[in-house]
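What follows is chain A paired twice: with chain B in the first complex and chain C in the second.
Presenting the complex of A and B:
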């Protein structure tokens, strides 16, 4: 199966053009003026300080989930578990806050982030171990595990963790001030974004320049050759799956702490799946994930506002993401096909 | 006492079968798709689309069979997108399947809003004066619909077709190596497109059985990962249609146990109980790796997807 490995300029421009055409057709099909809708989408995503804050707020979990997929992806592992790891991180992080809500922020926030990383990390460790020890397909295991931790969040907030003061609404108590991630004043841009950007840079250095960069590349390219060099495939499978899970876990607690203010069932708008596709588009390169997650974050934030102000259905954001990814999957391959045909 | 026990056993048997039926169609479809060397995670979206379109047509026409047919066609049509992306554009199969799933998620949650609370005419049950009153069989027939025997027949037919017919042999050859199959005069791409569409038709049909026959309601994202469960169960069934039936029944049994525990009034969290069927599938998947060698059963071209 031939796949174009790089994303050259022509393919990117064509992808964008095709996506815009499809999005316009989608709005036309809804009976809305397509060009007006597309321009308001841009305005709602980037038009003023509020929109930009919303875009960065949506970008943050997408960025973290994409990194969570990219880390095991560098070894050739296909993990689709960011959604489940996000929820697992949210559970453990929230558990810590509920346990010691009166701790000062300087202590509580780092502890909360660590707990979330452990929660997500454990949730990545399980499929990692299964893959390393028993050769169980990590894609299927992570996909199925997603449903489990999402249900566990519901079980907790409908049950033991429900705040009696919330009048039947399934949610924990509101996070105390010391457990809310610091944010840029009057915006929803919070510490999670900084963590994501730093992680992206750090992972770029680790996977491209660090001591381990070449070893992991060899192991990913050919497991047997890697093992001849004394590298343990099993160790790296478990390590990278766990680290990926930990990153998604941070995404989870960041949503709970900075955006929702409490644990409730709707902490993720499918960020795990979006993150997977972003990571895949970026070919698992952390620095490429940054702009793509910003773009998709803008798309999600813009369609959210469009739903509010232009009465576009709520499902539009998901449909447009699906169209974007289908286009990005189709265009480079078709282009390569056309080139072979032309050169013949 | 004995009569009570027989009646209880019969209720459990038929409940398990009915719960497993949508999944049997989907798992069978995914098995056939994977036998030609293509993995389709979009089956989750195809099932969901089949459930949505099937329910819409079922409500509109008042004829459940038309609903099932429409659901199958919708699933098949959506699978063409996966076929186009994977075979036409050489796209990554996992990425393509997830993109298809995403489009279906958005599309059905949009079109499904109009379906919430609607009533559908279900399939007729198989009870008749002939079987009424016979222990076990009478109970089973009174609660079964045609979808159940259809699912069993479909798996038997697929198992026979794959093992005993020449086109079946061609499909298996393509799954082992499209290149060698092509060198021997088999149109590998055509076989693969056909298998993806057959998988989509079956998944769509299964989805429609779920909404029209089993739950008889529409709910957003109502397949709840059944398509992905199907992908996992294909591995457990070692890519054999004949084994699809027993592995799907395990999931059905898990789901029925959950429903029974809930309706018996035990104070369990329904969400916590809801994790049980997924855990059962995971445990079964892991144990199938412990107790059986998987590598030999997996179509060789499929391995390349994960390499």
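Presenting the complex of A and C:
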């Protein structure tokens, strides 16, 4: 960690170089021309207005899920529940839209976002309470709860919420125009991105300035000492887990409303897990999460298009992400080790 | 005089800018107890870790007899018969003594059983040294002293020629210490070279054949037993003459009870407090003596409001300060020095200034930075307010906590082993501030393992055994070390009859 702080430039340049080399090797192993592939990856991610729109569309849920992990992470909690909270938010938000589809957009959209935040928030509150009151490990609980809400979405859209007009397709009815998040015209860049950026800035201020930031830092560093001086660990566990869940819930309803247009089982392409990795790469710093989630969003969008046009296997997108995270974690660590070895 | 087993030749060890060991030259000989004496941070442990191969020296050579290429790492050291017992034990608490010994033994076969020869071999040394330890006991059920013996047996099992003991007596009771001294002398008599790293003069008096004194990384003196008086050795160690002066207890003039424990009962992992009633008056110093592990830690945490009481009350000036249920938020008004400050009293990620101002930060107040001169007053090294607390050594962290808790007036002080791991000058400083608080009217509850200090400075001494206060004696000059020791060991009736 200290090496990353002392040599951020060297670490990032080395990481990028290693990632590009590994990605090139991966394409070569597939029998594709590596450099051509890499350059088309960049073109598909940032080449034209459509690509850029796709990149920001992918960045939005990743950014929100990363923030959802970073918020409890500031207290030292390891939540892997963004995926489940995303689905829980999608369920409650969709439920509200199905309940009152005729409401005008100015009323419906805020209500929908609030409902999604409550859904995700409750889904974070449960592991938070279990951790605070009974000392149950939050990582295990959030991991297991993911399956529940993901499958619950399937149960709903195969069952009671299925649109009769969809002819057997497992999905709810299409969202009315008043329930679709406003977007930049002709793109998929929607209100969710603005919410994510504002949240990142707000959380940065919250976690770095003021008396609450101090209290959280003390409790994160030494729970026993914090409690000795009158801080409540239980309160902050529940609060931060719930707030994190609420942010992931917003990611869920944003995907449903702005991207898919309806609730269906495939609303998330593993955004929860991707967000988890982004949050940890950024060491839970909201302002660092912004550029990393943009980069990962570009990678996801680019490799999606690559798979379509260059006939690489569908798993390539996931493999590219894996290569990125592995190098981003390994290179600074190896660098630090090499430096301590050299300093001897 | 035995043969030379290892020789340091102008060895220097640098960590960044810090010179931990400075051109040290020393011989280690078989059949001899070599005491390496020095204050905290004098470089004693580092010097011996170099021999054990934990890290290679920056400069100079270490020649080990029969090993011309030098020691490349602890594994190689073990093969060459060099064993080290660290301050922090490396045992698996859930496993039995037998399994711990087998784990540490290089020749343990893949399949172990109760009866095979390997098991008999690893246990033979244990039987010689401590027949009372049942090999089937899980290690977490052993006392600290017994764990230390198991650790020592682990080293002896590798047929060690050189045994290095790092501050072995810092966690032991007086009786356990005496027994360990006996073992050390026995080892030397068997021809093993024993290196005893310590800052306690009693260890040196008890068993050292040769004494190397270190100060600031350098070996300033090596002498044979009896060549120098203890006073001379202390002078060499400190660089100045220190004679520990404790204020003799003045009778508390105004006997108003401030810190009151009423029928306190509590429970924590493996320990319970039973019906403790105790009142500490204004300006009074009440010492708590006891064999380690008889409930002192729990008592401290209950009084500090960390662990909840199951029954009874802890009151300060009539107000409840004990916690009734685990989730209750409660800020302790006491000046509290817990044991193990790294885990119990500091936030390592925060700066020294923030750690000094933790109370304000926790209450949500801004800090004004006026706390920084505390660093100098309490000799925290380095006195840099922006430095992260995690970078400090254990002794300096203890001073940092003392500065926070004793540096401003408090209604009451709760000190749990406040001098553990401190050098002589720092001990004096802590005592000076602690007793100054008492003189200013604070009620002081002082848990200590040092009976001499308790007898010198406490008004009354309570003895804790198995979670209960078994005696509360007024320290009127007739109280003796033996009497307290007998009460601690639960032999009060015997000594009274005698």
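Here is the rule we go by: the second predicted complex is superposed on the first by the 337 of 344 C-alpha atoms of A that agree within 3 Å, B and C clash if a C-alpha of one lies under 4 Å from a C-alpha of the other, contacts with A are read in each partner's own complex, and residues count from 1 in each chain.
Going forward, contacts are C-beta pairs under 8 Å (C-beta built on N, C-alpha and C of every residue); 3 or more make two chains touch, one makes a residue touch a chain.
Values in this document were obtained by computation on a predicted structure and should not be read as measured data.
Enquirer: Going by the contact rule set out at the top, does A:221 touch chain B (first), chain C (second), both, or neither?
Expert: second
Enquirer: Using the superposition on chain A described above, determine whether A:291 touches chain B (first), chain C (second), both, or neither.
Expert: neither
Enquirer: Between chain B (first) and chain C (second), which does A:110 come into contact with in this model arrangement: first, second, both, or neither?
Expert: In the superposed model, A:110 contacts neither chain B nor chain C.
Enquirer: Based on the superposed arrangement, let me know which partner A:234 touches: chain B (first), chain C (second), both, or neither?
Expert: second
Enquirer: Chain A residues in contact: does chain B have more, or chain C?
Expert: B
Enquirer: Considering only touches as defined above, state whether A:182 meets chain B (first), chain C (second), both or neither.
Expert: In the superposed model, A:182 contacts neither chain B nor chain C.
Enquirer: In the overlaid three-chain picture, which partner chain does A:202 touch, first (chain B) or second (chain C), both, or neither?
Expert: In the superposition, A:202 contacts neither chain B nor chain C.
Enquirer: Could you say whether A:316 touches chain B, chain C, both of them, or neither, answering first, second, both or neither?
Expert: It touches chain B, and chain C stays clear.
Enquirer: Let me check the overlay on chain A: which residues of chain A are in contact with chain B and also with chain C?
Expert: In chain A, no position sits in both the chain B and chain C interfaces.
Enquirer: Inside the complex, what are the residues of chain C that reach chain A?
Expert: Against chain A, the touching part of chain C is residues 16, 55-56, 304-306, 327, 329-332, 336, 343-350, 358-359, 361-365.
Enquirer: Give every residue of chain A touching chain B within the complex, in rising order.
Expert: On the chain A side, the touching residues are 1-4, 76, 78, 80, 130, 134-137, 139-141, 143-148, 151-152, 154-155, 158-159, 270, 273, 276-277, 280, 313-323, 325-326, 329-334, 336-337.
Enquirer: Would you mind writing out the residues of chain A in touch with chain C in their complex?
Expert: Touch residues, chain A against chain C: 132-133, 211-212, 214-215, 217-218, 220-222, 224-232, 234-235, 343-344.
Enquirer: How about chain B: which of its residues touch chain A in the complex?
Expert: 41, 81, 84-86, 88-96, 98-107, 109-110, 113, 224-225, 228-229, 231-232, 235, 269, 271-272, 274-275, 278-279, 281-282, 285-286, 289-290, 294, 304-307
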